[in-house]
Amino acid sequence: MLIVMKMDADAKQVEAVVEVVEERGLKAHPIAGAQRTAIGITGNIGIVEPALFQDMPGVLEVIQVSHPYKLVSREFHQEDSVFEVAGVKIGGTDLVIMAGPCSVESYEQTLEIAKIIKANGAHILRGGAFKPRTSPYSFQGLGREGLEILARVRQEVGLPVITEALDIDVLDEVAEFTDIVQIGARNMQNFTLLKRAGRCGRPVLLKRGMSATVTELLLAAEYVMDQGNEQVVLCERGIRTFADHTRNTLDVAAIPAVHRISHLPIIADPSHAAGYRDKVVPLSLAALAGGSDGLLVEVHDHPDRALSDGGQALLPAGFKELMDEIRGLAPVLNRRLPEYATS
Amino acid sequence: MLIVMKMDADAKQVEAVVEVVEERGLKAHPIAGAQRTAIGITGNIGIVEPALFQDMPGVLEVIQVSHPYKLVSREFHQEDSVFEVAGVKIGGTDLVIMAGPCSVESYEQTLEIAKIIKANGAHILRGGAFKPRTSPYSFQGLGREGLEILARVRQEVGLPVITEALDIDVLDEVAEFTDIVQIGARNMQNFTLLKRAGRCGRPVLLKRGMSATVTELLLAAEYVMDQGNEQVVLCERGIRTFADHTRNTLDVAAIPAVHRISHLPIIADPSHAAGYRDKVVPLSLAALAGGSDGLLVEVHDHPDRALSDGGQALLPAGFKELMDEIRGLAPVLNRRLPEYATS
Amino acid sequence: MLIVMKMDADAKQVEAVVEVVEERGLKAHPIAGAQRTAIGITGNIGIVEPALFQDMPGVLEVIQVSHPYKLVSREFHQEDSVFEVAGVKIGGTDLVIMAGPCSVESYEQTLEIAKIIKANGAHILRGGAFKPRTSPYSFQGLGREGLEILARVRQEVGLPVITEALDIDVLDEVAEFTDIVQIGARNMQNFTLLKRAGRCGRPVLLKRGMSATVTELLLAAEYVMDQGNEQVVLCERGIRTFADHTRNTLDVAAIPAVHRISHLPIIADPSHAAGYRDKVVPLSLAALAGGSDGLLVEVHDHPDRALSDGGQALLPAGFKELMDEIRGLAPVLNRRLPEYATS
Amino acid sequence: MLIVMKMDADAKQVEAVVEVVEERGLKAHPIAGAQRTAIGITGNIGIVEPALFQDMPGVLEVIQVSHPYKLVSREFHQEDSVFEVAGVKIGGTDLVIMAGPCSVESYEQTLEIAKIIKANGAHILRGGAFKPRTSPYSFQGLGREGLEILARVRQEVGLPVITEALDIDVLDEVAEFTDIVQIGARNMQNFTLLKRAGRCGRPVLLKRGMSATVTELLLAAEYVMDQGNEQVVLCERGIRTFADHTRNTLDVAAIPAVHRISHLPIIADPSHAAGYRDKVVPLSLAALAGGSDGLLVEVHDHPDRALSDGGQALLPAGFKELMDEIRGLAPVLNRRLPEYATS
């Protein structure tokens, strides 16, 4: 923490700040500049709030410097984290493609789409059993039945599955039936859920909240890791801005920003960022070119009949096109699009 | 929903859209303009996604018109909702002032602050027992012990209390010990929690999420009301923007916007919006002048020792000043700052 | 500037940063903390870019501390700036109300509205002769003719006038015909215009840009003041956010934020913030309660025939109501709504 | 425009709206839905403001449908616009790379950098002679001398040049000395400058404003085209959001959004979006993968001595790496990175 004093702050005022700092067992380092004095603070900064000093006489501004993350940080773990989910590698050089319908609507639909995405080279099947919907009058997902369908399709098609746990009441079920537990953007700071997810025994995909900074995303991951779960993959899915040509604004730069600070893998969800099908392929390619370790993308064979978000789902032909593009793109980016032997 | 066709869209393309609309049991109303055709859709719009039409040949744009809220809407309930919590009126002409520490830290601290706020005319005691904190390494609240302290202080001082339920695992406890259940900004779209809160038997204070639109806030309230709970009070607590002189940007206009659409009361939380003590009084007065039905404000007698957010808490003297200002302001705004007989 | 080193940065890396700092004639102050070292920099910081150090080995983060404004700052001028425009005080305890049509449309319309606002206690007549319009096909203002109308109405009604100078080509004319030169939100960083406005011989009203921070607003004012013009009044008119219930989001907190840092007066424009008439009065009162030194508000007697922004203009009856409210509010806020003797 | 009536609006209220519409020579099309009536309006919508109807009895909401752009629209010009600048193609399949220092600092520096970027395959030299700087105390550019240096280097190295015209007072000079006139983000809605740029006889590169929607960007281009200048290239350079890991948030999706609506080419400026050197290459590749027609990128041989924005400039080695990556990427994206014969 750095406390910047006003130009006309006198020695007593500087002294008073130093005292408050030292009362807390921290150390104050006054730096006298040409025009003003600043006071650096070292020690276990976490316990003081910057605004504490804001109103003290002579204080102009308080600046936070602390870096509160530990386990997620490259300072603690230099190499990229790589882990395997049912034989599929996440992180490192390999790209991972998770695809499927927004919602699990029926066994037939899910099976059909799973076959399509597998045939085109996707590695993991996504599909929502519990759906977070803005309105209570929208389709809320099949629930438990959806989980069972996913498990059955997983068996038949041989793809690991990922689905969202909306809250702690369904977390165990979700963990039981699926390979990766997804925590959605609206729950990124549902700290109770994060802690439990840290003990659920499954890898966790954590989506960035619509208005979360990269620091907040990493601290949310820190909640999961702090409970002993090291298998966390982050997901950039667009942030909320004034821009109205997409549902959210895909913040591509968050990908290299995460890679700089953290060892955790990060993938992108171009479907929720775009909101419109025609922007899904360009955003997918942009995310990968920007360093994304994979994609989470919606595919539907009959989007016009989808019970949620049909308009942003790629058609099978669009998904094929996307995978073909990725196949060309990967080597140029020094990445690999793995083809696993059919299980 | 309104579908705007391209200028060169031909009759067949218009026809195709009409067909898709009618297949879903809805009605299409083509409007031929000078330059282009638009197609209005009526019926149970909720079941179609706008993006469905986005890619159809000849379609330029799809515009949503639907108003998905019911129970929260003034169209369904014209008069302002007013309800009582342990003798304190919320909504209508009376202003309600909820004040207290960010976190319940000890019995002594809570009692002391409760006495101060009561002496200055506050109506409800706030204090967090479960704290949502960005970092897992920050103080997370006293939990159950905090609830017991609140209940004890409630008894002794004679003020109803409000505290936050972080998730469904503590909701029943919170409802048992307190008069109003608070749902925090980070949980505004924790739909599982919203549904349970709708059945918890207590009034609910619902804070606007940091990146939530007014429509989304109202739909979150709709989740609570849809479960039978009509006692919902909304809270504007600042949105996330690029502006960096406050922690969040208090969106005063959300208050008249809510009042226009909904019958529910809405109060403001100037403390979390400001982030800095020196802006709490101006934002409080601004919110009230803008039509807020009350305030939720942090007060601490020793903010420099507070375990969370001390820098944004008003000192007792600052809270007294605020209440004096409100006492002058209320009649000018045709509002009343009630003084209840001591219970 | 403060340079934060990585935890594993070694002495050589710290040394290298110190060297780069000193090469530029600045002074480096290393602060060794428990976990990492930070390096404070003092001297004429303006000449180094923070990103300079970003890529040096061992550097984690570079934090800017500099406060680049001088003339606008309370550190250089402690008292509130107050100045007079044709007998009307701006700044200090007195509120100033500037009102009138969005655009000057005709002599009759302008005269009529000027009489209405004067009768209700406004101090300054506003009206656009040159209009910044998003589309080239919208009404662009009457130009020179509009200025002449304003001057004529000024004479007849006895109110000073304010109008916008869209760019340097019309600045002199605007300065010739009006009492205050307005620089619009879209021009807040038109530095050529700012510099010339600093030499135009008239007070300048400078609107905050839609995405400008308070720091940027103050630095824009610094451009004007740096040319010798000390009569600058700032204007908060709403920022662009995701919120869609108003055209812009009135950032009330910017008002106390400016008052804390700067001695310049700041008023609010509730009309452009709201975008809709029904929110103009609540936002006006909120701004004043938040500390605004006045208002810039649109009034039209026939808004349904207005050539621009009719929907956000108050009707004469609405303006009367607003002024009545302000008359009640001002004393409660320890402000004065002056009534000048008719000139 | 679409006017949505309240559920309890009666026939008279609908009638009243229809009347107001027809008084203006427009046509009203009432659509009776199950729950409410909506009224479509056709005709020359440009002349009515939506807010006009907002306060009429029975009106719930007014929705704008109009598409105010003409010349920039694909509806008016279906094929991609492609034009040549001194032999360099902009638009279509070919990528165009504009590179160079943020500011022209000296003849030697500019020459040196021009040679480096040319050797690596860039097509156009960028460099600022007039610099828009947030603070009046920052380096403001060499002005006329900078233009002369650019012209001299252009001659010697054989690359066309682009530089910014800060306002109309220097536009003619800029147009005289350079091949493309740049209009910066802060001037995107400097309509006086846009109009003059439309008559300056040079192609115009128009940067998106920090808080501009795609619609506003296109309408700004419409200002230029409306004056007869068809050679406009747009530039996405990042928007202002709450995200703090980059200076601005590169809105990659704006690129396909522009391509969908408009025939104009659009390139990206990863340097200003990033603000930090280490994110320039990932953002460059992301923009190209997302469909960008080229890049505008900062390169400096001694960024630590740069007079502006040194920290975001690529070093020569970084630029070489970028160009090598693009060379690999282009064919995968079905684009061409042209190599022109040395002039």
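All chains are identified by letter, namely A, B, C and D, in their written order; residue positions are counted from 1 within each chain.
To be clear about the criterion, contacts are C-beta pairs under 8 Å (C-beta built on N, C-alpha and C of every residue); 3 or more make two chains touch, one makes a residue touch a chain.
This one's a predicted model, so the numbers in the text were calculated from it and none came from an experiment.
Asker: Using mean Cα positions as chain centres, tell me which chain lies farthest from chain C.
Answerer: That would be chain A.
Asker: With contacts defined as at the top, give the pair, A-C or B-C, that has more of them.
Answerer: If we tally the contacting C-beta pairs, B-C comes out ahead.
Asker: Find the geometric centre of each of chain C and chain D from their Cα atoms only, then give the gap between the two centres in Å, rounded to an integer.
Answerer: 26
Asker: Could you work out how far the Cα centre of chain B sits from that of chain C, in whole Å?
Answerer: Here the centre of chain C sits 30 Å away from the centre of chain B.
Asker: Based only on mean CA positions, could you tell me how far chain A sits from chain C in angstrom?
Answerer: 38
Asker: Which parts of chain C, given as residue numbers and ranges, touch two or more other chains?
Answerer: 211, 239-242, 278
Asker: Which of the residues in chain C end up touching chain B in this complex?
Answerer: 211, 213-215, 239, 241-246, 249-257, 260, 273-274, 278-279, 282-283, 285-291, 325, 328-329, 332-333
Asker: Quick one: which bits of chain A touch chain C in the complex? Just the residue numbers, please.
Answerer: 2, 4, 6-8, 27, 29, 31-34, 38, 40, 42-44, 60-61, 63, 65, 67, 75, 240-242
Asker: Using the touch definition from the top, list the residues of chain A that touch chain B in their complex.
Answerer: Checking each residue of chain A against chain B gives 20, 46, 49-55, 68-70, 132-138, 140, 166-170, 186-187, 189-193, 195, 209-211, 216, 219, 222-223, 226, 239-240, 275-278, 303-304, 306, 308-312.
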